[in-house]
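Here it is: the structure, laid out below.
Letters A, B and C name the chains as they come in the text, with residue numbers starting at 1 for each one.
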Amino acid sequence: MKAHTTVPPEAAAALLQRHRFRPIEALPWIIIALVYFLLPKSLALGTQILIMVMFALSLDLLQGYAGITSLGHAVFFGTGAYAAGILTVNGVTEPLIGLLFSLVLCGAFGLLSGAIILRTHGLALLMLTLGILLMGAEFANRAAWLTGGADGLQGMEVGPIMGLIEFDFRSKVAYVYALIVLIIIFALVRFMVYSPYGRSLFGMQQNLNRMSAIGAPVRARLVAAYGISAAIAGVAGAVNAHVNAFVGPNVLTLELSAGVLTMLIFGGVGRLYGSFVGAAFYMIMHDYLARVDPTYWYLWLGVLLIAVVMYSKGGILGLADKAWALWGRK
Amino acid sequence: MNPPGEVLEIVLGVLFNGLASAMILYVIAIGMSLTMGMMRFVNLAHGSFAMAGGYALVYFGEQVGVSFWTGVILATILVTVVSAVLERLLYRRLYGASELEQVLFSIGLIFVASAVARYLFGPSTQNVTVPDSLSGQISLGSFSASSYRTMLIMAGFILFGSMTLLLEKTSLGAKLRAAVDNRRMAESLGIRSDLLFIFTFCLGSALAAFGGALGAEVLPIRPSYAFDQLNYVLIVVAVGGLGTLYGPFVAALILGITDTACKYWFPELGAFFIFAAMVVLLLWRPNGVFSRT
Amino acid sequence: MSEIVLETKGLNRSFGALVVTDNVNFQLRAGARHALIGPNGAGKTTFVNLLTGKLQPSSGDVLMFGENITGLSEHERVKKGMARTFQINALFMDMTVLENVALAVSEHQGTAWKFFKPLGKMSEVIEAAYAQLCVLGIEAYASRAVRELSYGQQRLVEIAIALSLQPRILLLDEPAAGVPASESGIILSALDRLDPSIAIMIIEHDMALVFRFADEITVLERGKVVAHGTPSEISSDEYVRSIYFGERQVANV
């Protein structure tokens, strides 16, 4: 029985303090609130950004913390979207029920597929994540009786939230709806990241051998992370379906998977707010450039990606860190 | 109920078309398998070199006006040179990088290549003028096959044969195989891995460009080419296993024929079966069905 | 004779035609100070991997406290009281020294699955981790990232992690390997201070360390046990001397 040891503060300062809410963390939320009040014409784009932040957060759990690279994460987003959409087509139009349904369905899907494919690693695992996405996409394309096929899901009717609050045409309700869901998801992820479980995920990325050697059931933890990540992605997809009142095959594309990975690396992988910065940056750039000329969008996206990978692996937040450190030295 | 002779003809037709697609896929995939096996680099942009080959052929053939075969050769040379430049400037900085970085880098390259193609040639599919010698049909008994597709099949087999000869019978090939098997050991034996890398990379790109140009009729040349073909090429490489020649060959054969057959007889399924098959095969043999590990 | 805590019976492992572990019968007793030596390529690390469950045997059994654990996974064996260190440090390089040990403590205390409570609030974990650092004399590095430490200091973290699991069986794979001579003293004194009730098996090439530390020595060559006994028996064994002929580690005992 170990005696009660006092730990001197300097020894454990970082560990004891890092989970505390820092003042600068309020900044993204203030900006999000300001957008609602000051930029009412941009709320549709704003809602899409919030949805992408959720999606990126879910992927960062896998990529930034557990260290799993997936090319197929869009399959959970898409499944969540279609599940929510199909539910409304069949009479269950209340959105919160749809969210819950997508959460459970995608969580189960994630646990199942994770249990199967996380036995592999490297190229095989990468291909398997892609393979599952491709299967999902092909299924959505072919099973027109369920999904509407290539034309997308027809006849979606999204009812008022809790029977009370109807979605409006100015995206105000949509924005707040997405925001509340994001707050809940973010809180969950934030707690998880600083918890022993979350740290053990990072431990697996750092040294898998060492994790097994300290008695961690590595595979079970990874599968759980995969399931949680899938569930969150599914919720993001459901919100997407609700606010757009439409689901099309573009929610199940490699392009979307690559896009969300890009958002992560732009913002900063493995950082809580990397998803915020990356998603906002990507979506705003896309909105501006793709309107001008799709060619330019792809060109600049590609050039930026290459530049970030070669020169700034920490993304925008990484650059901000360096700038902060430089300023601190003056 | 179709009479047996007709059924046979249909089956042969499906097999034949499947084989032709498979061969083009193989020609493109073999380069990717070599670079992945040798440099452990996940280069998803490999298809862009094939696309470049196709576009270069279109340029030389339609706008400069050379013959088909001259165009193919010129296209291959041009793309190989470009790839060498890219390897020196960009790729070599990322050989030790993480999987995520390599994936995102190559996706970025696909976007750039695709945007350049769109800018130079426009968004629609390019027309390739196939020479008269290849635009007819060959008769084998009661079965007639497109000359063009026959040529593709022959090209695939010839390539397989010559690559095998190169790898098995020459000292260069031996060095390549050694470096794929165990790079550090090969280096300690004096094999210059940086030279081998650039050689392998250029060889892979040359093959891709050749395949893209040659197969321009079968795999349509358009800006989204790299993404269109990425799935199939990746399946061939992953299922075939890295580092062997016959692995991707057999994988390409099975994939090409099964895909064509499925699309013909079970169009409701589409490509679902192929993707499901890949998942099952990779779970059974994660290193590739035909790899030696 | 104290009880046998870890045992193998007819343990075999081959990779294709290559036999790396050849019919090994091995016993580790409670409180043992047992060294496993042998020339390079003898299969010592493979044997440890078979003991810890990182590798499955081709045939034969591994028993722990009399119970057959051959089918158990690595983490299950750790839970039963086995811990190991690796030949090359296996640490969480970007985490602090304290957190490295804290993760192990958390696993041992059974709180590692908790996904809602911040690790920083789990004082039992942090205090136990810090105490473990004090035992090894590295508490001064608690808040430094492991990456910043010297190799010898990292090696101590490696041992601290293993000890924080409160093992009854400890397998140390070349604990002094890679440590510069200037730092090896601290490793040695750490080994000296280990709890006498823990059964310890150590793989080593450094014969001075082996003869200073071990009461019992097993010699492995090409996967087979070729000698077993006390240090004086082993050092006078002709065959053992012959297989080490040419390697400058034969100690003058």
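Please note the rule applied: a residue touches a chain if its C-beta (ideal position, glycine included) is under 8 Å from a C-beta of that chain, and two chains touch if they have at least 3 such contacts.
Keep in mind it's a predicted model, so treat the numbers as computed, not measured.
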> Whose Cα centre is nearest the centre of all Cα atoms in view?
Replying inline: A
> Which chain's mean C-alpha position is the greatest distance from subunit B's?
Replying inline: C
> Centre to centre, by mean C-alpha position, how many angstrom separate subunit A and subunit C?
Replying inline: 41
> When the centre of a chain is set as the mean of its C-alpha atoms, what distance in Å lies between subunit A and subunit B?
Replying inline: 34
> Taking each chain's centre as the mean position of its Cα atoms, how many Å separate subunit B from subunit C?
Replying inline: 49
> So in the complex, which bits of subunit C are touching subunit A?
Replying inline: 52, 54, 73-75, 78-79, 83-84, 86, 90-96, 98-99, 102-104, 106-108, 111-122, 125-128, 130-131, 134, 139, 142-143, 161-162, 165
>> For the complex, give me every residue of subunit A touching subunit B.
In response: 63, 69, 71, 116-117, 119-128, 130-132, 134-135, 138-139, 141-142, 254-255, 258, 261-262, 265, 269, 294-296, 298-299, 301-306, 308-310, 313
>> Can you tell me which positions in subunit B touch subunit A when the two form their complex?
In response: 36, 42, 90, 93-94, 97, 99-101, 103-105, 107-116, 118-119, 227, 230-231, 234-235, 238, 242, 268-272, 275-276, 278-279, 282-283, 286-287
>> For a test of understanding, state which residues of subunit A touch subunit C in their complex under the given definition.
In response: 2-7, 10-19, 191-192, 194-200, 202-203, 206-207, 209-210, 212-218, 221
